[in-house]
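Pasting the structures here.
Consider the two complexes below, in which subunit A is the common component and subunit B and subunit C are the respective partners.
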Partner chain A sequence: MTNPISSDKIESEDIDPQFTERIVEAGADRIRTCIQCGTCSSVCPSGRRTAFRTRELMRKAVLGLKDEVLASPDLWLCATCYTCLERCPREIKVTDAIIIMRNMAVDEGFMLPQHRKASQKLISTGHAVPIDDANRKVRKDLGLDELPPTTHSKKKALRDVQKIMKKTGFKKLIEGQAEEGA
Partner chain B sequence: MVKNPKFYHFLGCVIPHRYPSIEKATNLVFEDLGMELLDLEGATCCPAPGVFGSFDRVTWATVAARNLTLAEAGGHPITTGCNGCFASLWDSNHELKHDEELRQAVNDNLAVIDREFKGTIEVTHYVDALYNYAGIEKIKKRITHSFEGVRMAIHPGCHWMRPKLIKKKDDSERPHIFRELCEASGAEYVPYKDELICCGAGGAVRTADVKVALDFTLQKFESIMDAGGADIIVTPCPFCELQLDLGQVEIQKYFEKEFHFDIMHVTELLALAFGHEPEEFGLTTHLQYMQRKNQPNWEKLGIEVQKPDDAITSK
Partner chain C sequence: MTTSDPKPQTETAEDAEVVSADGEPRIGVFPCACGKNIGAVVDIDEVAKYAESLPGVVFVQTNRYTCADPGQNEIQQAIKEHELNRVVVASCSPTMHEDTFRKAVKAAGLNPYLCIMANIREHVSWVHMHEPEEATMKAKELVAMSVAKARTLEAQQELDVPVTQAAMVVGAGVSGMQAALDLAESGFKVHLIEREPTIGGIMAILDKVFPQNDCSICILGPKMVDVAKHPNINLITIAEVDEVSGYVGNFNVRVKQRPRYVDPEKCTACNDCVEVCPVDVPSRTDQNLTWNKAISIPFPQAVPSSFFINPDACLGMDLIRCGKCIDRCEQEAIIPSDREKIIEFEVGVIILATGFAPADPNKVPRLGWGRYPNVITTLEFERLINAAGPTEGHLVRPSDVSKPKSVAIAQCVGSRSISTRTGCSNYCCAESVKCALLIKEHYPDTEVTIYYQDLRMHGKYFEDQYRKAREEGVKFIRGRVGEIQQYPDTKNLRVAVEDTTHNKLLMVDYDMVILSMGAEGTAGDFPLPISCTEDSFYIESHPKLRPVDTSSAGIFICGGAESPKDIRDSVIQASAAAGRASIILQKGRYPIEALSAKILQDKCTRCGTCVNRCPYGAIVVDGTGKHTVMGALCQACGTCAGDCPQDAIYMPNFTNEQLHSQIEMALKENPSEKIVAFACTFCSYRGSDLAGVSRMQYPTNARVIRALCSGRYHVQFAQKAFELGAGAVLYSGCHLPADCHFQTGNHWMAKREPRIRRWMERKGIADDRFRVDWVSASEGKKWQGIMQDMAEIVEKHKKTKPAPKPKRKPKAKSKPKTAAKKTTKKKATSKSKTAAKKANKPKKKQSKK
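The block that comes next holds the complex of A and B.
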């Protein structure tokens, strides 16, 4: 049996060279300059308490280990605080790279049910956190309009934003999968 | 300096639907400082950068751009009191002004509702509006209720100042703008080791795994206790406020650790410092007090409340 990791070249069927290229094109253009110093992991508040390892993620991204990266639930443990990006000695847009990879993960069907639920609320109300009855009462008691001047009280505005989400394919992305029971 | 500046008030979701006391306090403070807030009619969710930016960047930018075009039509800057809304609106405004390809894609989408992103307005955070338009000196002159002797920890949060190379307004590793604004209230600034760590709620983490998000918050609280404790924690973001405020109730449930910090948005702090009564903007409607059925620590805040039973929660 041959060792897939030779001293000359890493060869693995899991490597997708296009993966790195897409991350570069989407804006994290300096990712190939990563020197694996580990600053990103060492300053990451999420990595202190979870299995999320930014440095490992950056390495896998540069190697092109697409499936491994996109299927990992850890990808969703970044709080996007930007501390890694601020301190990266190579000025790599680490957080942006993570967001790009999340976009690709969603595109491949990896989506947490609770995130899809928030998306459904955006589609149906125009708000990820819509108003509720208790809050309407508090607003009234405070002398504020019971419904703010947003899509909650402007029906045409809601229809407009729903049209946009249909046009971009977002509605299908969220509801298409719901229909399949994914 | 613009005299009587006007801003479109971008509300977002958490302020009007979970912490309307911030909306009311902001109205009071801006009026006191001669800054006009205009309704941004028909606005939506920013949309939240953590979930929607992560799901589909073009949809995120298009929905954000629609909100921007509402303000472009009236020709005034936007102001928002939420770090998340600021991240979506400021970042998309910036990206759309500099990324021709994205702008084309977004405008193709906006064409279905006869709108076009033009790139003619600026997006500000309340902190920017207060610091740059009103200024610390004017704010200090307006203070009638000093918070002298109140121990104040601050939580600046992430997205109003990071990334520093792009936002270019404060050194996010040694920020001073938000601190100066809070210190104008007269409160005693309490430095603590983890002041700059995220509250834990952002990036869709609170939605993904609330216990992980709360663990960030717990670290922050313990760091404040290590620094000698604080009476209040002030933040410029309602989502951070929710995480720090309601988070205390949740931390008690998940980690069996009890904290009692009064949490305020910076406009709530300033409303009190400008002499407004807590019931004028509903300080006691914070989710922490509603769920614990208690009240702010009035004595430590130096606020006399004659009949706490008359507070808005018990009406």
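The block that comes next holds the complex of A and C.
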């Protein structure tokens, strides 16, 4: 894809032995029993339309290829439909593992710009999708207040929400990375 | 199961004993130097001198090699001259020479169970090589412990039961047939029970069998005839075992035979009846792919070669309702009055060859079997490709009877999946490769693809077949079939699977898909308690060393009933089972474990705890609620006694009284410095012996007590030891979950641990002073580590103790060596007990702080 003659190898530095352990501890407890049969990939509705191979992601997770997994855009191609989890012969919590790895990715600073933007919106307005002019107009036409009775119109509520997001570390997670990313 | 007692026990003739075990104990102690093995570390003479002072000891003699002939002669002479009625040999481990000395005393007329050993080599001289004084002290105490136990030993009878020299084999597939033929050829009467109207099992309906791809019925047919013709085989078809009672050598069997409605003696299999029978029934042999009549024969080579009537389908065997077959049969073979028969007989051994069942494809609905006609199972394929099958050997699509141009074979259906069966079914990889080759052989142009996740072509000649399949152009793609969809118009199939070797999702069309079905266990409905795995296969007595024995003596397993396997392995196992069974039959008598448990009826409250503990089903309850142990089933693990709340179970040579006397003696001196370590016979004690043999040094304060199985360790033992002020207590057994020689003893012991810990908490005894650990016979190093760790714990608690307290016991320390030793000693013992209790009290406060 990138360099057609690049050597495609894994070296010890690429392997984080703790990575799988952390996934297991976070709840995807059977991931190590994966036999790479490919059932997950073959039933994945996302995989039918993209190059996303669930099995490959599991493989990399079990190998401990932390950086590769967390930086991979594949991680975000799962639609969390849970079909793979339902069909896995080893009853591995595949979808849960993907969500766990997504959380880890964000912690490490890997985040799609779209997701970050939505999160920033949430911090500044209290809504992931804040009201826009079109919606204001619709509300007006319907005889409603221009702003709904949410953080949009209640400044105190917005401050409360922001307080929560600060306390929980969400703000730092998003804005801290915004700075790094910038 | 009925509750008949094993009464036909008789004493074997030769061992008429002359020395009585009754009366005052007259104990002889024989400390052995074992050359320098013991003598170089332990002062044997001092041990001997000390032994003389012990109550009940009337004779002591040291020897350089007690196990050699002169040493054994001295013991025998001493028994006669000094009228000894108990013998304690202080030398090596009892696992080494207990048998030797027991035989020696038996020859001198003493009951062999009145001889025990004190292990002063593996447990003393070899593990305390650099501390001769402490080692000598420990040796003395071990002798004292054994003498204390010896005082209450009782004579035990080695009994045996007569064996009925006949066998029952349940299931007449290829394994059952092989086992029956082997036993019959050895000259034993065999009752062979088969549920179906014919023998042959699954093998009879296969086409070709791997890896040579020879015709299945061609090799099985002659064997079936052999079974039918063998004078020693009593073949009972359409029958199931209804009830079995008794024990090894003496099983009473009741078999229910359903009516066949056709006399097999008269029936010539002429097929006339079929021509007139008006009722169509799906053919079981042909996997419901075609029709049979209500009167039918499973297949032409069936044995017995006789038709049978399916009573659920038949309109009625009289001229009013139908009766056409009766009218037609020239042999007058049809018996409308046939009824269910009860057949009863006695056998000495039982072989279970009940086989497996093909897995149910309905359990994997996403593969579409049952909804999509062109998705078939391997067994359906076998019938389609079989010249005797519904299509006379032409592989066709069930939807339109056309020849498939592309076939996919999906592996591991019903196997290796938690939702169906977790295990690998063993034969399906080779089966599928064979199917692929058969297709290629019949239709070279048909494309065949095998979707596998791990191809396990592990058997002899299998790899050749695999290579041949590749040469023939069979495609192998690594990936498990995720789902199958059908095109509604053409009934073609689209298979979704990932080619995991290069990350590509395949959505490929096929004319036909064969599901390579695994096996399902069928074990568990036999009317005797034989333990089964979670997926209903019988569990062997030992996975390596006793693979065809079950935990019940006299009952053996083979073939698909034990685990999914191919024909060759089934036959091997069947012969093995027949061989094992014939050992019992040949001898004519079966020895009963001399140390089997006995229930003391005056103490027993009939609570049923022991019935639940016994892994052998040896404890039975009769109609009046009375619990008794069937000696022929008991293996003497003592797990029942370990949990009996009433102390109502007597374990010969390992009674509560005897074990308590060993604990008391171990803790007579300086109890707070001692570790009382319980070790089971087959793992932990041997582990401790290995530490000795490997000369692994550890502190001298452990006193090991050998006690059958860890299941024997009663909660009381630890309590007693702590009450006497023991520094620490160890309960050691075989590793969890499955190492226990007696199957479940270690689990029951583990369940007692929290009870002991709660009790310790109440009594204020520090938690780390009790340890439960698992030591295998190969873990001498682990044993050493445990001993070192526990010695440190003992040391820690000794230090935290108020200094003067433990030194209050010197009264107990002074050894009375006067003529009136017995009385003074008793006083001293009781005082030492109270002293120990006193010493225990401040400890409680200490640990609470």
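Here is the rule we use: the second predicted complex is superposed on the first by the 160 of 182 C-alpha atoms of A that agree within 3 Å, B and C clash if a C-alpha of one lies under 4 Å from a C-alpha of the other, contacts with A are read in each partner's own complex, and residues count from 1 in each chain.
Here, contacts are C-beta pairs under 8 Å (C-beta built on N, C-alpha and C of every residue); 3 or more make two chains touch, one makes a residue touch a chain.
None of these values were measured; they are calculated from a predicted model.
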- Could you check whether subunit B and subunit C clash or fit when both are placed on subunit A? fit
- Would you check which partner chain A:37 touches, where first means subunit B only, second means subunit C only, and both and neither mean what they say? second
- Considering only touches as defined above, state whether A:89 meets subunit B (first), subunit C (second), both or neither. second
- Message: In the overlaid three-chain picture, which partner chain does A:81 touch, first (subunit B) or second (subunit C), both, or neither?
- Response: first
- Item | Chain touching more of subunit A, residue-wise (subunit B, subunit C) | B
- Is A:53 touching the first partner subunit B, the second partner subunit C, both, or neither of them? second
- Could you say whether A:104 touches subunit B, subunit C, both of them, or neither, answering first, second, both or neither? neither
- Just the number, please: smallest Cα separation between subunit B and subunit C in the overlaid arrangement, in Å. 9
- Task: Across the two complexes, find the residues of subunit A that touch subunit B and also touch subunit C.
- Result: 48, 87, 91
- Task: Would you pull the subunit A residues touching subunit B in the complex into a rising list?
- Result: 26, 45-46, 48-50, 76-83, 85-87, 91, 93, 95, 99-100, 102-103, 106, 111-112, 114-115, 118-119, 122, 126-132, 135, 138-139, 141-144, 148-151, 154, 156-158, 160-161, 163-165, 167-170, 173
- Item | Complex interface listing, subunit B residues touching subunit A | 11, 13-14, 16-18, 20-21, 23-24, 39-45, 47-59, 62-63, 66, 109-110, 112-113, 158-159, 162-165, 172-173, 196-198, 200-205, 207-209, 212-213, 215-216, 219, 281-282, 285, 312, 315
- Query: Along subunit A, where are the residues that touch subunit C in the complex?
  - Reply: 35-43, 47-48, 53, 55-56, 87, 89-91
- Going by the contact rule at the top, pick out the subunit C residues touching subunit A in the complex. 366, 412, 416-419, 453-454, 478-483, 496-500, 503, 505-507
